[in-house]
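By written order: A, B, C, D, E and F. Residues from 1 in each chain.
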């Protein structure tokens, strides 16, 4: 287990531990007779920090790559109002020296508990073809490994390892509640759609060293990639009813809800419209929660202007601020 | 209790009962020497039917008004592929002769059960000012009478008597489920907002003889009307915290979510974004459900083109059609 | 070969021949003692005409279905400014009595010549995997039969039998011209994309008795359907290069160019942007040509207001009108 | 009266006077052995200037806050093409040492003259309830004090102290002219709406130390805040006619004209459409005037690209530039 | 002077007078042995009415054309709730028999008074080139004749003969008021732009028999047509300053304000933004006034749904309705 | 002929040659006792490079202007990862010392060959008035000189000297291909429109020292400027048919296709819709080509985010990248 996290480093402290190299660049000293130094951005699951290697930088720079994990010894100092690590020693880490989970921001929920919800939901599907289809995915260990680790987005919502699983479990949970309000919705179809709607995201993102789109993710998009995985799954199940297949594929292809959000179809069935709005509800609430949580540490009542939402968000002011974390947890 | 409903009338049957006059017009016979006949549209909670008075039409026409309930005797016949009532006798009904509830389309859920959910939710609010505020509304009998009867919309969703109560209960129910997924949301604030977000709709619509906007509804809109009712309520509760009042009013003013949907604000707090998306989810699913339910009686796989949604909806085809009603009810 | 076409029928003429029944409805006579008559819409590849059966209508109505071809004897008359066929005899046609090609509006270009262009283009592809892929489609007789007959759209452009082939050949032809202007474009990729971009339309439409969307067409859309056919084709070709597959699929998924036009992707490669704009150019010119051609017969300088284009189109005025047909044909 | 204004400071001059601190930050010297210096932004009603405190900065920094007025002694110098004040002495100012009016950009028009126009307009309203309503606002000294000082916007138009009063007077003036062109408009209603449409702006902005939105302004918006003030005013006037109240509130709620501009209603009466367009005319002309005036000092024919208007504005070129100021003043 | 106007015709009255033929169509009698009758739409400046010629219709139909003025003798009767003229005699009118002004809806303001305002405005322009330019138009009798008669639009605003002059005078009047509020605006430039901005409308519409677009109007649009007239005018004035010409043309080309309203430019100068907003203000107020005035005769508080404005307009209710006409006229 | 181009300069090399001064600014040394140095941006047709004059900068700075060509002697060095020219000598160049063509980015195609295509196209127009009109432009040497040199845009496509000619020739070429597919299009009209649609661009841009809009370009726009040049040309040709003139002007005024793209008209004829889509096809393919070509030198598979296209473009990955340049040139 990692002992020092980026979030906790303070000026004056000694540093000794493993970090992921997000950025690496040689720069000349202002006094050029001194040659070059090395500027790094070191990261772990809690954030990023600037670092400098003053001595022997060109040689050291050749021993590791951006995107690799390194072991670092040094000290934190403050310069021009910013904290940075002055690196004394640095070397590539062996794979068994650190826990990869320490390197990336990840879901705070328990992965096994979430997988249990998924499996229980699969088992609760009564229509045999739909259950068989869902089982093909969630009984495939390799798929489950990917699915448990993938983020749900690059930036907007659930943009951390395990985010896809977390989002899926939340959508499934909300769908179950909706089914109680609207018994007219086809239960098995909605739950199967909820479980499978984003399976293409396992391949949409590359998340070895940073969360970004894969080529396939950019050129095809997860909506079509999910549809392909599901269609291949359907083809492998004998006598899967045509109408059911059509309705399920339609749910996946229309779950973004609007053309302008990259949806090749718009919802035309009760289950498709339900999935779209539940999915969007979960994504938007997560998005606001993340933005507000990030701000709370700064203690300002308003967040900075969010250029995508085109607004400031409000967290509350001074002693009047709602102690929502505590209250919430008391639930 | 009414014995004959419009939905059940068939050619050849005798008609004897009470109906609401939606439309009334004198027209000349083609052979003008015969004078004028009377064309009516008769309605009850199950639908509308055309009717004609051939004899003594001008005199009879003066005995009742459009928007009134009348007692009718006559017979159903088919003409040019359409069914119509040939009226033999017609007279205005006394108020105690019929049950107004039979005249309008209304929620199919149990009003008392729904009110019980509302009251239980009010009692479950822990923050005393918010609970007092909600109680001011739902312990006021006159308000509750209006609230239980009002529709939630003129056309799009929950557009029937009791629709406002039904919509509110559904939103509250879904919010409770969301609170389990996101304990960071302020429970009391979200539930109070869910209960009160549409209270202005009690005055936005006129629904004596048909569901339509009131003048106030058209010129001010229910968002501002709800805000005013809530603000007046807040003013009546001693020491209502300012920040809480601001946050609650913001939820009401932003619950339509987008400027282009007539929202004077867009959500800027976690509770506001949650309320907007839950409310929209419920409205859209109800809307699709109504359109599809109306179509199912016709047995066609596709609905007619919906000019507001700009698409056809799909209900399913032949024997493959999903028996969702039954399955749903088995829940 | 059909001898009488709807376009040529005139009041006073005798009618004897085969027509497709687009619409069939029994209606009561105004004098109801006379029972019912039958109103039909008869059609062939040149247009539609109203028809009436006055005698023995209920019995005759049971002998054929809407969407079937019938043999009709009767006479054309004018009534209230409209022409209609007074049917004397009518019976279902045997399949070998008429040429189905006479029944539907169809491309005016030579199908075999167009197929020759397609085949020549396939053979001219040098990259072996792309050529093999294109050949899989265009050497499959069953596919070619569908492809030669399918329309390219329901209403907007090339909305007639053979329209898909015609559109494809035009797009291929324009792409070849573009390749001369921009040699930087990857020739084989562009031409393969041009040939295959709309293959899903073979299943998007039902066109047995009228051109309309199939269920699959409505719920999935031809963009995703084309992608699936192409992806399956790629999977069947050994060692198809990944990058090439990705680029080709991207071209198909982005060829509508804009999200709001139902495109799940927007062009991100040179070949994709080229295909999108060539495809759109051909579709729009065909659309304008069809609208203007339909109007020219009426001799008015302006077409009626087109609700989709939201404008009137101008064909030219009086003797000044450009004799474009002739000049064009002189080419 | 302030003697030195930011706009007039030139390199080499001595500085001695009062300025508002817009920004305050301690920064380390590059040679860190020297500790920290203080960077300030000093402002008054004519603009902002950078300032530095080299000596004893950490101690001095604790004697005053951002947003406070200070007395400064020092000298202006030029460094890297930019002018800055080298501060020798600095201390917080007493409230009676300076005139607050010198600290903020403010309307250039005479406040008393503008208030006289407002009062004369109030007195000219003939309908007694409307006159009583307007009088409630403009005979309330506290309200008038706020109203005379508030800006009309944060950035776009009339974004300076007194801007709200100036904007209101201009709208009233233009409305009077419109009433001569369109005598069908209800004079008293239009003028009352013009006077009261933006009263909520007195609380929408905080403008003690900088012009910014208040929490209430951000979460509720001035449209709803104005409506609430007016509705409360109406409630205090006996027998205010319902229809008149409805029309007036509608004017306020719809004066932004379009949903996408945050208007909860769109104009549905003659007076509402008139108010919206007059208000918009005044705001846009003021906006262009301010952008062009700011540019004129630089002598370039084109302004920089305005990211909100998404265009450059044109002021004219060289000797051909229109001497509009002078001509205008000659009026 | 015409004695009978369409607006005043009532069932039972004799008709004798001159009307414009808006529509003319021969139709067969239901009993076809009776041959054909003639359906007409007759119009004058106050409205339209249906008319029928039962006797000798085919022969009479050849004696006049749609778009011509005819003399009619007959009687008004009511049929199926609609009033129609039963024509007994009808013949083409001689040009000297009627006053063309009686045939078309026209401005209710005094044309000579309005022209006096225009001329006075021209004379008040001090910059000699601008005055010379304006004078070229308004001292040209032929142009003034067209300009005084042209409508300002086909449907939306000032859509009647003289509407262009009326609109121009109103824009000029409002501009003068704006110049008092904003002396920074270049007076002569704004007034010249106000006078000339729509001169192309003299050729954009055909208004001999109905107000419709000319071919040129549809294919080029009045913005470009106005620019061409003004540019030709400028070319004819010696030493017209280049910068002034550019600014004036820019005002004309940008006066629609937004690309989506067909404006090839958007305002980039103070005068252009002022002209655009004044012009729009006048057009919108006129539009609302016309819609509401048309409704008032029907006595309903709400107008029908306006499909272009996408809303209902409110005129007021019962005795509470504002007597704006009278009050207005008392001004 | 220039011997050293910016693109080829490398650290350590001597510089001696002619460059255009894009930017010129005096800056103080950090050690202010040393006075000021001069920062320049030097450019030629292949790109830009930073340059510094350390010695005698204030005096030298007065000998030349931004936008002028200078002769420079010095040396390239690398500083902080960026290359810059340390200038030793610098003086204004005489006009006959350098070839202006070396100073600006320019088309890579042969100007004479392109002009030959234009002339051949003009001669191939059969309709005599259209041919005369086109000839007026392309037989006017002064116009041809401008037309051959002008860019087609400031940034988006063909944004280099000769870009207008290149774009025109490409549009003409693609139109000829389209005419083979659609013989119904009026050949002479389409080709004349293609040749003349952008002639106003000769005055829309200033391109002496950098490609930017002229005042006229910004205030009037090339669409209206092209229309004016063409209309003046038409006026000079005797008996030019009215309908032909109208159709040609319509093509020019509508060739941007959509109001939101600054088009005062939208296509309403077959020739106009064809021109718009061919023009857009060429512009977009050129745009993508330029963005991708610029990126290829960096060897990354994806371009940076393009803020106007709002996407990344894909060029291909590693060894799999398509060798399109070579293949293309092999054509």
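Rule of thumb we're sticking to: contacts are C-beta pairs under 8 Å (C-beta built on N, C-alpha and C of every residue); 3 or more make two chains touch, one makes a residue touch a chain.
Keep in mind the model is a prediction, meaning the values are calculated, not measured.
Under the contact definition, chain E and chain F share the contacting chains C, D.
Touching chain A and chain B at once are the following chains: C, D. Farthest chain from chain C (centres taken as the mean of C-alpha atoms): D.
Seen as a C-alpha superposition, chain A sits on chain C after a turn of 180°, to the nearest 5. Inter-chain centre distance (chain C to chain E, centres taken as mean C-alpha positions): 44 Å.
Among the residues of chain E, those in touch with two or more other chains are 215, 218-219, 247, 250, 268-269, 312, 314, 317. Taken pair by pair, the chains that touch are A-B, A-C, A-D, A-F, B-C, B-D, B-E, C-E, C-F, D-E, D-F, E-F.
Every residue of chain F that touches chain C in the complex is listed here, in rising order: 170, 173-174, 176-187, 189, 241-244, 247, 250, 266-270, 273-274, 277-278, 280-282, 284-286, 288-289, 292-293, 311-317, 320-322, 324-325, 327-329, 331. Remark: chain B residues 27-28, 32, 215, 218-219 touch chain E in the complex.
On the side of chain B, the complex with chain C involves touching residues 79-81, 301-302, 312, 314, 317.
Touching chain E in their complex are the following residues of chain F: 215-216, 218-221, 223-224, 227-228, 231, 246-247, 249-250, 253, 259-265, 268-269.
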